[in-house]
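By written order: A, B, C, D and E. Residues from 1 in each chain.
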Amino acid sequence: MNKMSRGLLSLATPIALLGVWGALGDPASPVAPPPQTWLTQAAVMLAAGDLQLAVLATLKTVLLSTLVAGMAGTVMGATLGARRAVSDTVAPTLEFLRSIPPPTIVPVAMLLIGAGTGLDITVVALATVWPVMLNVLQATRSIHPTLISTGHTLRLSPWSRVRNIYVPCILPGVIAGLRVAAPLAIIVALLVEMLATRPGIGRLLLTAQRDFDAPGVFALLLTVGLIGVAVNGAFEWLERSAARRLPNAMR
Amino acid sequence: MTSASGEKTILQGIDLNIGRGEFLCMVGGSGTGKTTLLRALGGFCAPTGGAVFYEGAAFSGPPAGVVTVFQDYGNALLPWRTVRGNVALGIEEQVSGAALDDRIDAALAMVGLQQAAREYPAKLSGGMQQRLQIARALALQPKVLLMDEPFGALDAMTKAKLQDQLRHIQASTGATIVFITHDVDEAVYLGDRVILLAGSPGRIASELRPALPATRDQISTKEMPEYLHARHELLERLHGAAR
Amino acid sequence: MTSASGEKTILQGIDLNIGRGEFLCMVGGSGTGKTTLLRALGGFCAPTGGAVFYEGAAFSGPPAGVVTVFQDYGNALLPWRTVRGNVALGIEEQVSGAALDDRIDAALAMVGLQQAAREYPAKLSGGMQQRLQIARALALQPKVLLMDEPFGALDAMTKAKLQDQLRHIQASTGATIVFITHDVDEAVYLGDRVILLAGSPGRIASELRPALPATRDQISTKEMPEYLHARHELLERLHGAAR
Amino acid sequence: MTPRLPQTRQWLLPAALLVAWQLAATAQEGPSILPSPVEIGQTLLETLVSGRLPADALHTFAAAIASWVICLLIGIPLGMALGSAERLRVALSLFIELLRPLPAVALIPLAILVFGFSWQTEITVTVFASVWPLILASRSGIERLHPRILEVVSTLHLRRWHALRCVITPAAFRQILVGAKLSFSLCLVVSVVAEMVGNPAGLGWGLVSAQEAMRASETFAYLFAIGILGVCANCALDFAVKHLFPGLAQGN
Amino acid sequence: QTPARTKVRVASVVSAAWLPLWIAKDKGMFEAHGLDVDITTVQNVSTVVGALGRQFEVSGCTPIDIIKARLRKLDVVGIAGNTQELTANQQMRLVTRADSPIRDLADLKGQVVATPSLNGVIHIATLNALRQRGVDPKAVRFQEMAFANMGDQLAAGRVAAAEIVEPYASASMKVGVRTLGNPMLGVADPVILTCWMASGQWARDNRGAVAAWRAALNDAIQYIQKNDQASRAVLAKWTRLPDAVAASVHLPAYTTRLGDAEIDTWIQTAVAVGAINEKASAIGASLN
């Protein structure tokens, strides 16, 4: 399949579904209005300038918190993966934290750090660090023992071992984790924006919901979906360029 | 000197002294613990009883100057580095620039991999991968070289060439070499001393010092009566041990 | 009949006919394309020019009755299955119950792994893992057996036993066997015909039919003048090809 | 992460944190919304004895498990199919990426419309939010298989189903397990969120109503219950995996 | 033999405002008026509107909810009042910390104020009060949060003031707050704070049931006025408020009166503060 037919094929499914919805949907439906009404509503929001600002704000939160979660998750996952003793010691505490729903963190975090950019990033990073950590942990534990022995027998410095053996081996895990984490970051960012009325798509979504503005809700959801596609595209590109630099390690 | 075990006892009552500059070959049936013994010498697993000493000191982790060449070459190479990059791995922190290039080229030349220098390991044949691992170890100019069936995947010609190469390296650098092989000819041709592991748990069943000259030659040495005698003797003992 | 290549041409002008029930050995320098040729025969890579036929038909994917034993045994075993489970893999859908157990036991007995039947592959030595892969292939009772350096990691004793085992299996089942080895003695002792690959891109440089009786014996056969002659001849040609 | 229960070391950290909290709570004067662990513990005990907490926890747990099972049934086959069939992957990838970042909270009104405030809403929303890690992990599990494994399958002439069951799935198992674990904890978290907004039942609703009844220590007791449920469920999952698939935990 | 009772499924949130509903249910007033009422408690009424006419016939709400839904052409109508704010009985306060330098609404410029719901009744009332005081509402930042968290946020200095209602208002008074007045009374006095809405279709088809609904709630309101202690017991049962709080909670003024005039007041206010931009005022939101 060439690039062109791939592009067409991937567009086919969503466009067919939206087409059917558009043809059969009732434009006056208070709950599931067809796509054409979304576009009208999106145009209104764009004209008012709300949508652009909200998208920027949400994107900023998502990117910064994914960065934080990516780094923290990688360090945590690699440490836990390489050191049984550490992972045994902190496992239940981490499992506990992992089970706390983000909406319940928001009020506490709002009290402790106030409703600022710090709140968005903290809560989102807290919720998205886990996929990265678990994937990196798995990748670290899957490094072939002979490869680790190789690092030892060549007496590589710890830094060189990290750079030449651990990093290339866990990089696919980091990327796999980030690919789960990034859309999750979008979701949680919206949630924080809704719960703490932080600027962003979440707040617009909340307003639209409260105003019973169904086309507006769908217009925003479509925007969120498109952001997700863009973020995923970025990660696919990252994965491909990593695969070019690390041939055969991306299996 | 050592005895090592996992969940079950793999080696028992091993008492082995390896002299500086010695070329020690290790033979023995499949699963008798050769690899395990080599791993203990290389600092990869501590014995559960007894101890291993290197230059008079016990150690944990591979001591300086000791390099192991692993049996499963497929997993010992970095798939994301080219052949050159893999050889560079152990020495790039110590030397750099033209000196590094020279060391790499020299190591690749010793194993005959100059042609493949820019390939990735996945594109190499089994034998080429194993030679690459050997080149990487040689590039380090080690004082002790521990090799686990390094020539197992090689054809007779390449093998013979590398055998001579190895004896030559040992003679010129005074390195100590411990060498596992299944090839009796190889063990007798290479080794100053050959030990034979047998049984389960494994122990040193027998020891043999082929009375061969220091400089050896694939044709004349293998025709010497001392060679033939040592070879015969080792085969006998192997058969005996297996019974 | 075939010529296969990756980014660069690996094999060229290969024209090879393997008769039913034949025992064909393949020797040649490291990287001359033996594994590649075996993969083409096994249906794992299509030739870029020419074609491969099995029982008169071209094929894609391994044809029924053809089983390959891979060179890198480490990746070919299922680490989550025990030794028994690995042997069962290919046959558990066809037979079951006591018949299955019998087939597994028989296959394990052929390679001498009865003791390790309940172990996981990670706990086996290199040679034991390779024997396990062989047992798994034998359990299938294949019509064609493609083996890539199957005895490379084995000690002389085990190797000799398995060689005789293999000839015996071939005689009793009429299987066709293609066998890559670096051991000239092994090639001559086992093969009805030995082909020699050489050059880059690889080609069939030479072919040899040791005039040995169908039933062979480790001691007497290896003392026969025909054996010694074939062995000498093959060595000569190998040296010649390498030059 | 495989917490081994009999060890004491792993309880040191939580214990230390609780002690620090207790000290901070006692040091603080005046009425506070942040209750001390001792108070929380007492409330936890009361709600346990009264049977309210166990009933709520059971509801949440059942909803999470049901959602997780549905996630497994959808996510693993779909992910594996995406990993092995390129056309399917291309056809669905954009669609999936469009859906994946949609927040469950935004979909709750839609689900309520179809199912009302009910367990169906809860499960639909939970499955929607939690199935993605499984799809992704199963897909990459297939894509990252060692090529030799596939060659073994074809040279042994394994039938499709047998190969899938006995070779492909176990070989991708570790990767899938990562997705399953992520999906499992997401199921718990999202069930609670869905209960807070879309299905007035279970721990999520308990949390909300405790908060609205101004029972701070009960709020935290519920929060703790949610966390403890998560820890126990994860332990149980690890235990189950270890004992149901002993070979897969081995080697690899 | 009683005639078959009309089934009414109703959604409400949990707060003292909805006490008449629970009284009518627990003390048999609904039954007496031929209604079979089924109560579901939810967290957020804005999600209920979609389910109105499907899973629910009736839902608690605020006048603003009805107005917004009508603006979106949703078929909902107000069918009864529930609580009202009046000088004699005040539920809402705008409060600051006792030691705060803020003395007046004008001091809120550039400050953060906690609100339970942006563009909800309480928030609109506050905006209206700011407007009346000559303060640009845009100069004040509003931060949404649950009533339960407002005391802490005030104490921690995260917000300068909070729009708070009973019983949270009394509870936070105890930690030392000062009131800046009751913005709600600036809208009207009395003014409807909460009310009941129903699916328009259902209300038109069941005018009898709507009347019965009002009658039952009226009975309940009278019962509350006469039986304070028993009513508080019902309150404690449904809200699970701690007994001490339930016993001392300041109950709001209940009323079932809801007409176009009451709704209109809110439309005017919402338009004035810019919460809705529809100029049309008479949208027929209530069923009379």
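What we mean here is this: contacts are C-beta pairs under 8 Å (C-beta built on N, C-alpha and C of every residue); 3 or more make two chains touch, one makes a residue touch a chain.
For reference, the UniProt names are A = ABC transporter permease subunit; B, C = ABC transporter ATP-binding protein; D = ABC transporter permease.
All values reported here derive from a predicted model rather than from experimental measurement.
S.K.: Chain by chain, through touching neighbours only, how many steps does the shortest route from chain A to chain B take?
M.R.: Tracing touching chains, the least step count from chain A to chain B comes to 1.
S.K.: Identify the chains adjacent to both chain B and chain E in the sense defined at the top.
M.R.: Of all the chains present, those in contact with both chain B and chain E are A.
S.K.: State the chain with the largest centre-to-centre distance from chain B, centres being mean CA positions.
M.R.: E
S.K.: Which of the chain pairs holds the record for C-beta pairs in contact?
M.R.: Highest contact count among chain pairs: A-D.
S.K.: In whole angstrom, what separates the CA-based centres of chain D (ABC transporter permease) and chain E?
M.R.: About 37 Å separates the centre of chain D (ABC transporter permease) from that of chain E.
S.K.: Rounded to the nearest whole Å, what is the centre-to-centre distance of chain B and chain C, using the mean of the C-alpha atoms as each centre?
M.R.: 27
S.K.: If you average the CA atoms of chain A and of chain D (ABC transporter permease), how far apart do the two points sit, in angstrom?
M.R.: 17
S.K.: Could you list which residues of chain C touch at least two other chains?
M.R.: Each of 72, 75 in chain C touches at least two other chains.
S.K.: Would you give the residues of chain E that are in contact with at least 2 other chains, written as numbers and ranges?
M.R.: 46-47, 50, 146, 149, 152
S.K.: Which chain A residues reach two or more other chains?
M.R.: Correct list: 31, 209.
S.K.: Return all touching chain pairs.
M.R.: A-B, A-D, A-E, B-C, C-D, D-E
S.K.: In the complex, go through chain D (ABC transporter permease) and note every residue touching chain A.
M.R.: Touching chain A from chain D (ABC transporter permease) are residues 1-4, 7, 9-14, 17, 86-87, 90-95, 97-106, 109-110, 113, 129, 132-133, 136-137, 140, 143-146, 174-175, 177-179, 181-182, 185, 188-190, 192-193, 196, 204, 207, 223, 226-231, 233-235, 252.
S.K.: Which residues of chain B touch chain C in the complex?
M.R.: Spelled out, the residues of chain B in touch with chain C are 6, 27-31, 35, 71-72, 74-75, 116, 123-128, 131, 149, 152-159, 182-184, 235, 238-239, 242.
S.K.: Across the complex, what residues on chain A touch chain D (ABC transporter permease)?
M.R.: The contact residues of chain A facing chain D (ABC transporter permease) are 1, 6, 9-14, 17, 31-32, 80, 85, 87-104, 130-131, 134-135, 137-138, 142, 172, 176, 179-180, 182-183, 186-187, 190-191, 194, 202, 205, 209, 217, 220-221, 224-229, 231-233, 250-251.
S.K.: Spell out the part of chain A that touches chain B in their complex, as residue ranges.
M.R.: 144, 146-147, 149-150, 152-157, 160, 164-165, 168, 245-249
S.K.: Under the touch definition given earlier, write down the residues of chain E that touch chain D (ABC transporter permease) in their complex.
M.R.: 11, 14-15, 40-44, 46-48, 50-51, 54-55, 146, 148-149, 151-152, 167-168, 171, 174-175, 239-242, 245
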